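Below is a structure I'd like to ask you about.
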Amino acid sequence: MIRIKDLHKKFGSQVVLNGLDLDIEEQGIIAVLGPNGSGKTTLIKSILGMVVPDKGQIDLYEEIVIKRWKYRQNIDYLPQIANFPGNLKVMELITMIKDLRGKEARDQELIEFFKLQPYLDKKLNKLSGGTKQKVNLVLCFMFDSPLIILDEPTSGLDPISLLHLRDLIQQEKEKGKTILITSHIMNFVEEVADRIVFLLEGKIYFDGTVSQLKTNTRQQDFERAIANLLSEEYVQDFKI
Amino acid sequence: MRKFSFLLFFFFCFSSLQAKEIQVCTSCEVNSLQQAVDMAVDGDVIRIKSGIYKEHGVEILNKSIKIIGEGYPVIDAEMQGTAITVKAENFSIEGIKIINIGTSHTNDFAAILVSRSKNFRIVNNRFENIFFGILIERSSAGTISGNKMKSKSRIQAKSGNGIHMWHSEDLTVKNNEIIGVRDGIYLEFVNNCVIKENLCKDNLRYGLHFMFSDHNEYLGNTFENNGAGVAVMYSKFIEMRRNLFRKNWGSASYGLLLKEISDSELINNTFEDNTIAISADNTNRINYRHNDFISNGYAVRIRGACYKNVFTENNFLANSFDVAYTGNINENEFLKNYWSEYTGYDLDKDGTGDVPYRPVKLFSYLVNRTPEAIILLRSIFIGLLDFSEKVSPIFTPAELIDPQPQMRKIK
Amino acid sequence: MYKILKYSFFDLTRSSWSYVYFFFYLLLGITLLFLNNDLSTAVITLMNVIIMIVPLIGTIFGVMYYYNSREFTELLLAQPVKRSSIFLGQYFGVAISLSLSLILGLGIPFVAYGLFKSAVIWDFVMLLITGLFLTLIFSALAFNIALSHENKIKGFGYAILLWLFLAVIYDGLFLLSLVYFQDYPLDKFSLIATMFNPIDLSRILILLKLDISALLSYTGAVFKEFFGTPLGAVTSMGMLILWVVFPLLRMRQVIRKKDF
C-alpha cells in the first residue's frame, strides 16, 4: 500500500529524514510517534507531496508519488493547524473542497455528526478553535478515500467531540481503511493504534504493536514505555 | 451731392463704354491668355473659360486689367518658367489655376510674379505643383486672398515659397491655404502688412518666415506641422494675435522662433504640441499676454540677451517643461500666469496663489547639459529632485518666479 | 488552475482591501476630473500615480496575500491539485482583482466624464495598459519574494526595498551615471538601462503619448529612431511582457522544489 524506501531530507544543514524505510501493507490504525523534530510531520508531508525529499522513493498503491499530484485523490488529510481562508464561509469552504476533488462526499452526514449546522453561514475567521477543528474533520472525512492521514487530530477538541472523533476513526477502520495518525495524547494512541511506528533522528526506531512495545521495554504503562524508548538513547526531549 | 452722383453716373457710363470684355477659350478666336493681354487696354476684363492653356511667360506690362477665370481654367506652365509676370497698377487676377512651375537654381520662377506694382488683387486662385507661388517684389497696396496652394516639396534647395514678398508694403494676405512648399509665407523688407487667417501646413521649412519686416500684423493664422515652425527675425513693432501654432515637432523645430525682435506683442495665441513652443533669442520689450501653451515639450525657452520680456496672464498647461532659461534675469518677468503644475495654496481666496511659482525646473538644466537625461522625464526621482530645488533653489535663478500665480485657468 | 483562480478571486473580492484600493482610484479619478476640470493635466497626475502607487500596491498586496493565504495553500496542497496551478491560480487571482480595481476605479469616472468623445482616450488607454502590466509584474515579483522568504517581516522588507529600488533609486543611479559619463555617447546606454526597469518602461510608454514633443527635442539618431517610430512602443511593450514572463517562470521553478 505505502512503500517508502531510503527517504532522505535535509532542511539546511539539519538532517530530518535519514534513510527512512517504511512499509504499510495492512489496514488499520498506525500511529507515528517520536520526539519533536524526529521527522513525523516531514514524513507525512512527504507522502502528501508537500515536502520534496532529497532522495528516496515513495510508492502508493504501486505508483510513484514524488512530484505527482493525482494520487492525492486517494488520501484524506487532516492538517495539524486548522487555519482556513478567513473570508470564506464554512459552507463555501466545504463546497469548494468538494468542487476541487470532484468526488462524492458525505458532508451533510458529518455536519450533523459534529453539530455544525448553526455555523455553516459563519465566516471562518469568526469561529473558535474547536469549531474550526470540527470543520477540519468534516473536510477530511467527507471523502471516502482508502488512506487517511491525521496530524494531531485531537487538538482543540472538547471531550465530547473527542469521543465522536474516536467513534469516527473506529468506523473508518471497520470500513477497511488505512489510517495514519500522529498525536501526543498517549492514551488516545494506546487506545486506537494497531501499530506504533516510532521515529528518532529521521529513522524508524521502533515498529510494532502496543503490546510488543510494552514487552520490549518491560513497562506496563504505555507512556513509560515510550519514555523508556527515549531514555535508552539519552534523548533529553520527553515531549512526544 | 446731386452733382456728385451725376458725375459718378457719368463716370460709370464712360468707363463701361470704354472697357470691353475679352473672352478666352480653347476653341475661341482668342485662345491664349497672352493673346488676350496683348489685345487688352486699361480697364478691360479678360474672361477665361475653363480648359487647359499651355502657357508660360505671360507678361502684363503697364495695363490695368482684370483677369477672371471661370471654373478654374488651367494655365499649365509645363515646367518652363514663370507663368504670369505682372508689372502694372490696378490689376486683378481671379479664379484661375496655375500648375507645373519648374524649379531652378538661378531663377525664382513663380506662378504669378508681381513686380513694381500697385493696387492689385490676386484672389481665389489655385496653385499646384509650383516652385514659387506668388512672388511680390517692390510693390505696394495689394490684396492676396483666398488662394490655395499645394505642392510636394521634398528638398529645401529645390523648392520655393508659397507667398513670397520682398521690399513691399501695405499688403493684405488673407485667408490663403498653403500646403507643402518650402516657406508658407515669406516676408523680407516688407512693412505695414496684415497677414490674416491663413493656413500654413506641412511646409518643408517655415510656415511663416519673416526678416527685417516691421509694423506688421499677424492675426488668426494657423501654422501646423511645418518642418521648423515659424521663424521671426530682425524685426520690430510686430503684432501677433490669435494665431495657432500646432504640432511642430523635431529637434530643430519650433512653434515660434523669435530672434532679434523688439517692441512687439503676442496676444491670445495658442501653442499646442510643439517641441518648443517659443524660443526667444535676443528679444527686447515683448509682451506675451493671454496665450495658451498646451502640451508642448518646452513652452518657453529664453536664450541669451533677452530683456524685458513680460509674460502675463498666460495659461501653461501640461507642458513637459514650462520655462527653460539661459542667462540672467534681465528684467524678464512672469506675472499672474496660470501654471497647471502649480501646487501652492490660496488661503485668502483671492484667486492668486500665496506661494510664488518657479517655472524653471532643475531637470531642464540637467537635460541641457546631458541631453540623454530626457529619458528620465517625469520619473519619481526627477520629481524629488525638482521638488527639492523648488524648496531651496541652488541651480536655477532664485529671482525667476511668478509671484502671483493664478489658481484658475485664465479665460 | 481556473478553480483556484476563481476561489482566490472571490476571496479577494470580499476582502476590504480590494475595495479600499478600488475607492482610492475612484476618488482619485473623480477629484482629478471633476474638481480640476482639465483632462491633459489629469492624465499627467494619473501617470505619476500609476508609476508610483500601482507597483507599490501590487508588491504589498502580493506579499500580503501570499503570507495570509499560507494555510489555504497548505489545505490545497493536500488536495489532488497541481502545485503550479495553486500558485499561478492565486497569483492571477490577486493580479486580476487588483487590475479590476484599477480599471473600474479609474474607468468609471472617466467614462462618466465623457472620455470617449475626447482625444485623450488613447493616452488614457495607454495609462491603463501600463497600469495592468505593472500590476502583473509587481505582484509576480512579490510572489517570488514571498516564496523565497518564509519570514513574513523579511519578505515585506525585501518587497518594499525592491519597490523603492525600481521606483526611485534605480533612476537616481541612472541619472548619476548619465551625468558622470556625459562626454560619451549615451543614447544607447540610456535606452538599454530603461529596459531593465519595468517602471521606466511604463513611463516611456506613457511619455510616448504625452511628451513626445519633448522627447524629440534631443537630436541623437538612436533616440529619434526609437521614439519617432513605432519601434519604441513595440520594444517597450515586448520588454514589459518579458518582465511578466520571467518572474512567473522563476516562480514555477521555485515551486517545484519548495517544501511546505
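Note that the chains take the letters A, B and C in the order they are written out, and that residue 1 is the start of every chain.
Here is the rule we go by: contacts are C-beta pairs under 8 Å (C-beta built on N, C-alpha and C of every residue); 3 or more make two chains touch, one makes a residue touch a chain.
Values in this document were obtained by computation on a predicted structure and should not be read as measured data.
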{"item": "Chain nearest the global centroid, as defined over all protein CA atoms shown", "value": "C"}
{"item": "Chain pair, B-C or A-C, that carries the greater number of C-beta contacts", "value": "B-C"}
{"item": "Averaged-CA centre spacing for the pair chain B and chain A, given as whole angstrom", "value": "88"}
{"item": "Separation of chain A from chain C, taking each centre as the mean of its C-alpha atoms, in whole Å", "value": "42"}
{"item": "Chain B-facing residues of chain C, complex", "value": "38, 40-41, 43-44, 47-48, 51-52, 167-169, 171-172, 174-175, 178-179, 182, 186-187, 189-191, 194, 199-200, 203-204, 206-207, 210-220, 223-224"}
{"item": "Complex contact set, residues of chain A against chain C", "value": "9, 11, 45, 48-52, 67, 69-73, 75, 77, 79, 81, 83-88, 96-97, 99-101, 139"}
{"item": "Interface residues, chain B side, partner chain C - complex", "value": "249-253, 273-276, 294-298, 317-318, 320-321, 340-341, 366, 369-384, 409"}
{"item": "Chain C - residues contacting chain A, complex", "value": "3, 7, 11, 14-15, 68-69, 71-72, 74-83, 256-260"}
